[in-house]
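The two complexes that follow have subunit A in common; it is paired with subunit B in the first and with subunit C in the second.
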Partner chain A sequence: MKGGKSRMSTSRLNKRRNHWGYMFITPFFVVFALFGLYPIIYTFRLSFQRWNGFTPAINVGFQNWIRLMEDATFPLSLTNTVKIWLYDFIPQLGIALLLAMIFTFKKIHGMNLFRAVYYLPNLITAASIGLLFNILFNGDKSTINQLLMKLGLLNAPVAFYKSRAITQGISSYILWWMWFGYTMILIMAGITSIDSTLYEAAELDGCSTWQTFHLITMPLIRPTILYITITSIIGGIQIFDVPANLTNLAGDPQKAILTTSMYVYQQGFKNTALGYASMLSVMQFLIIAALSFIALNMILKRGTR
Partner chain B sequence: MKRFGAIVTYAFLLLLLVISILPFYLVLINSTYTSIDIVTKLKFVPGAMFLENYHKLQELTNIWRGFANSMIVSIPFVLFSCYFGAFSGFGFAKFKIKGKNILFSIVLASMMLPSQLSIIGFYATSLKLGLLNTFWPLILPGIANASAVFFLRGIIEQSVPDSLLEAARMEGCSELTIFNRFVLPCITPGVATIGIFNFVSSWNNYLGPLIILSDAKKFTMPILISTIRGIFLSNYGAMYVAIAISMFPVIIVYGFLSRYIINGLTIGAEK
Partner chain C sequence: MRSIKKGFLLLLMVALSSALFAQGTMEPKAKGPVTLEVWARGDEIKQFVPGFEAANPDIKVNVTVIPDADMTTKLITVFASGKGVPDLFMQEASYITYLVEAGSFADLNKDPYHINDYRDNIWQATLDVGTDSTGVVRALTWQTNPGAIIYRRDIAKKYLGTDDPEAVSKLIDTDEKMLSVAARMKKDGIRFVSSFKDIYDSKVAQRSSPWVINGNLVIDPVLVGFMDMAKTIIGSGYDLGVDQWASEWIAAVESDDLFCYILPPWGYQYVVKPSAQKTIGKWAITTPSTPYISGGSYLGIYDKTPYPQEAWKFFSYVLLNEDSQYEYAKNSGDFVVLKSVCDKLAAGEGEEVLGGQNPNGIFIKEMQNEFRKLNTVYDSQLNDAFISAIKAYAAGLSKVEAIAGFRKDVKTAFPEILVD
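Right after this comes the complex of A and B.
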């Protein structure tokens, strides 16, 4: 009897059960709507408004966009961001590739220790790292000045944070320091997933190390490189924590490390121009979308050649 | 020749090792000297002034309050993201849902969409909800943590057999009981992995608390750290102690879990 009953109502039971499926995914979508989607729509709407956070927002049409045309600081912040990102990303990818090759093709004693230590800086609070590098470099008697002079690399102390170029360089260096280990681990995972018979075949054919790298490894880890590049672009355009704590939120000296995200923060919360800041965020989003699209195309096109 | 190559390789690896550790080592050393010692001599062995610096730090700020606030934010955030990540992951993995593909691509899209770009809208939403200067806007989004959903859905598909669910249903268990009693225990290792990563990202979150919290008593660790330079000016010893307190708990935990954390890293890339 039990069997007959259950067979009769199986489809109804399944239907009832599948109602539970909706219940399980509901909390995600409710909270996503509130704290994920709504803020996006809100930001977009605010980009056409003027709002100081206290009095009601006023529709101003494209006024914020017109203001952007006359704003020299936005392109400056964008150049800063791209510069800081590029001087971080190129060495990051280079060193990570080199390390990944060393670790996968040579027998290295203590590999796990090396790998673990290289990744460590990535876990540490970026705000603390910013402050740390501030006090390490700041002033004639700073620890780094003392260190470099003792090593004989400097004759006189350098005022690191008076120079725009050096301050940008330090920002890039910190980001490189925080991220090369992470990138290396991702590339290693990409290399390990390559079929080892390919390498055996290459060896039989008498390929040199460089040829093997160029003809087998590189093409096959292209998806990994693509993933790293696009996530790095997305993260790079939003650089905030490190430069904001390295000198000050204004990105001194002379806005050398004022990144786009810092400028959004400045406009929104120091200047209480929340509408204009929203518009800058929308611009940031468009730039990320465009750059990701270009990177995707470049890397995929190379793959089909 | 081969030998020479090996020496160069190890020298290079060791150089990077020193570069990776040196800043942390300098924090440790400098936190044990007076500010005057720090700016007059370079030192590589610890001194004896740590407690002195610590007391100076505590005179003007309460670092442990920041520590506690960070815990109050991060622990519920992690619990929410793990529980509800598995919750939605279970829904996506084991039930027929109309428009499942579209709904799941929303999850994926929200994973790629940088939340920082809607920070003004996030601020405005929190203002509307009356949640400014509370911890809620920093905790509740844990319920909608897309990477937890994505990752745990995969784990549930792989490691929770349908036969187990059927057996539990035959026993008359409700779907909620099945989830709590059978599904969650099956996926504990996956939950732990995503939990660690979410803890780190919540603990390190700077911009979120910066715009949401205005009362200094509520400042989380990163905000407290960023205000410290304005308070202590050139009292380097105290600042180094603050930095040490913010960094070393993470370093110690990493010392125990490093292999586990490194293995978990490639989750995002294996799509």
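Right after this comes the complex of A and C.
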């Protein structure tokens, strides 16, 4: 009897403990439901409505979706976004990997300083950086034009922001500059967690540096690379602050840096088509989900091969 | 354990009920000073606040400055929730029609508002901008904006042989004359105008029809013709090559290689006057060949404000009170909305930056012209899109392609407009 009673009280205690557990995690879920889940559901609902923000919303069924089929600007904004992201992400990962290797395997004087300096741009607000680069490159008397002319590298000032390619390039460069330090630190953390005995064994077996990197480091930091890729896709498809502040919200010149998020903003708050903008947001969400899924599969498949 | 549970439930109930009661406290208080919330597009309205509060000790005014680009976003958010809507809010002329037509502003001639008492003393063109399609006045600006050429006297003397405002105006009163002077100036590295957009604004006002008539897009021949002039200006470097309000655009006030800004009086007030230091006395103002009005900060009262009387008091202090308008104009160099105040200003002293010139007389003469009411709810976006088309044309696209691109952009932004 005694034993049975004690078993009962243990299970009751567990239940009570569970209650407390739920109670402790409740605040997060309440906040998430209010500020995360509800807006998502509301956006989805709005995507079937026409609403200008001032007069009551009207249900329009699939009209916004049909409108998307005829919209040439949305695919253009998507191409711009992917282009800007790719030109930022590929060099970002490459340079971060290289620097992480150097910093982990070679003892470099002042390494901590370099690491901090590389990370620093990530601490500045993206909008400020966009504005800063606007001032650096905009106009005949811009800082960069003056500098290049004083150094004798240019005879006449260059209208940087009138060239589509240069403007896109500057956007990618800014994003690369802002994020390669962060990526490098993540990769370094990944490399540090690898068991050092593996490297010792490789050295005894006579592996070259390339073989060590290719056969030990890379496979073992795959989860880190996966994390970086997926978070970068999520952030990359949503690029807004830097291009929006670099030239103007229209993504000048000739929509060269009009990203998907800028287009959503334009439709929502400049054209006050909040329903259509919500639909575009839903599309953006689906695209991010699909790309993340593809990236996840590609990296995991490689891992099992 | 049970007591802890009970305690927790009790706490939860207290928290919930206090949240319910908190709703009640949102209602306006009957006693104590009233605080009016004003959302403004710039700091200038703050100049009226100390004088107003001194004259009305029972009313406080809290001004929040919100940039143009964010104003609609913020307004939509508060309108959607119905909470925190300001008692008075402002927008720029090209955006104001949208708010005026949306019916968010009160009818300014319905009790307790009575703008009709002041009608004769207000410049008609400014009244028109804040009037909705049914003829109801819902917003008004304190600044009146006839187009002006703000130019450098020294450069005018060198290239036009005179710095006299009337003579200068005549020497550049056609597009051809402007381009020919610009070409001569460019040879010496001097830019004729701050931005092609300056001239675009004057062309927009010279159209014979608004952007949209009965749901159809109308691209006025004046604008199509201007595309070529703009291409020449951009291609030959007759302007600064940056957008209005870029740092280089403002800094050009103090440079020696810009001849003029073609802007309404606010261009003098916000751009030239505050930046001029070593160029004080070197500037002058004249008027362009074709009169036009452009821009202005329009103020309206929220139609559901809990403080209509107080809001009207502030509105009329800023816009309809001769003393406060005069004080404001004297300090800022702005040209105002009350005719009587403009007359008083024209009889006053000249501006130091303008070498002693008092431009108010010119502006008064300019305002005697008839101005077409061309504003639509689409103006701001359609003008931006057409500017993009002009830039695309200047960058190498054919005119047909650039205009086709513009039509496509309009269709994308506003599917309800018929573009063909």
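In this section, the second predicted complex is superposed on the first by the 270 of 305 C-alpha atoms of A that agree within 3 Å, B and C clash if a C-alpha of one lies under 4 Å from a C-alpha of the other, contacts with A are read in each partner's own complex, and residues count from 1 in each chain.
Assume contacts are C-beta pairs under 8 Å (C-beta built on N, C-alpha and C of every residue); 3 or more make two chains touch, one makes a residue touch a chain.
Just so it is clear, the model here is predicted, and its values are computed rather than measured.
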Exercise for the section: State whether subunit B and subunit C clash or fit side by side on subunit A once the two structures are superposed. Expected result: clash
Practice task
Tell me which partner A:Thr55 touches in the superposition: subunit B (first), subunit C (second), both or neither.
Solution key: second
Exercise for the section: Identify the partner contact of A:Leu34: answer first if only subunit B is touched, second if only subunit C is, both if each is, neither if none is. Expected result: first
Practice task
Determine, under the contact definition given at the top, whether A:Thr125 touches first (subunit B), second (subunit C), both, or neither.
Solution key: first
Handout entry: Partner chain(s) touched by A:Lys141 [first = subunit B, second = subunit C, both, neither]
Key = both
Exercise for the section: Applying the touch criterion given at the start, work out whether A:Lys162 contacts subunit B, subunit C, both or neither, answering first, second, both or neither. Expected result: second
Practice task
Once the structures are superposed on A, label A:Ile294 by its partner contacts, choosing first (subunit B), second (subunit C), both or neither.
Solution key: neither
Exercise for the section: Look at A:Thr73 in the shared chain and tell me whether it touches subunit B only, subunit C only, both, or neither; answer first, second, both or neither. Expected result: second
Practice task
Based on the superposed arrangement, let me know which partner A:Lys270 touches: subunit B (first), subunit C (second), both, or neither?
Solution key: second
Practice task
Have a look and say if subunit B or subunit C is in touch with more residues of subunit A.
Solution key: B
Practice task
Identify the partner contact of A:Pro253: answer first if only subunit B is touched, second if only subunit C is, both if each is, neither if none is.
Solution key: second
Handout entry: Shared subunit A surface residues [contacts with subunit B and with subunit C]
Key = 23, 53, 134-135, 139, 141-142, 269, 274
Fill in the blank from the handout: subunit A residues touching subunit C in their complex are 16, 23, 52-55, 67, 71-73, 134-135, 138-142, 159, 162, 248-250, 252-255, 266-267, 269-274
Handout entry: Footprint of subunit A on subunit C - complex, ascending
Key = 1, 8, 69, 72-73, 75-76, 79-80, 98-99, 102-104, 240-243, 246-249, 251, 380-381, 384-385, 388, 391-392, 395, 408-409, 412-415
Handout entry: subunit A residues touching subunit B - in the complex, by the definition given at the top
Key = 14, 17-18, 20-25, 27-32, 34-36, 38-44, 46, 51, 53, 95, 99, 102, 106, 108, 112, 114-121, 123-136, 139, 141-143, 146-147, 150, 177, 181-182, 185-186, 189-190, 224, 227-228, 231, 234-235, 238, 240-241, 244-245, 261, 264-265, 268-269, 274, 277-278, 281-282, 284-285, 288
Completion exercise
In the complex, the residues of subunit B that touch subunit A are 9-10, 13, 16-17, 19-21, 23-24, 26-27, 30, 38-42, 84, 87-88, 90-92, 94-97, 103, 106-107, 110, 112-125, 127, 137, 140-141, 143-144, 146, 149, 169, 175, 179, 200, 203-204, 206-207, 210-211, 221-223, 225-226, 228-229, 236, 239-240, 243, 246-247, 250-251, 254, 258-259, 261-262, 265-266, 268-271
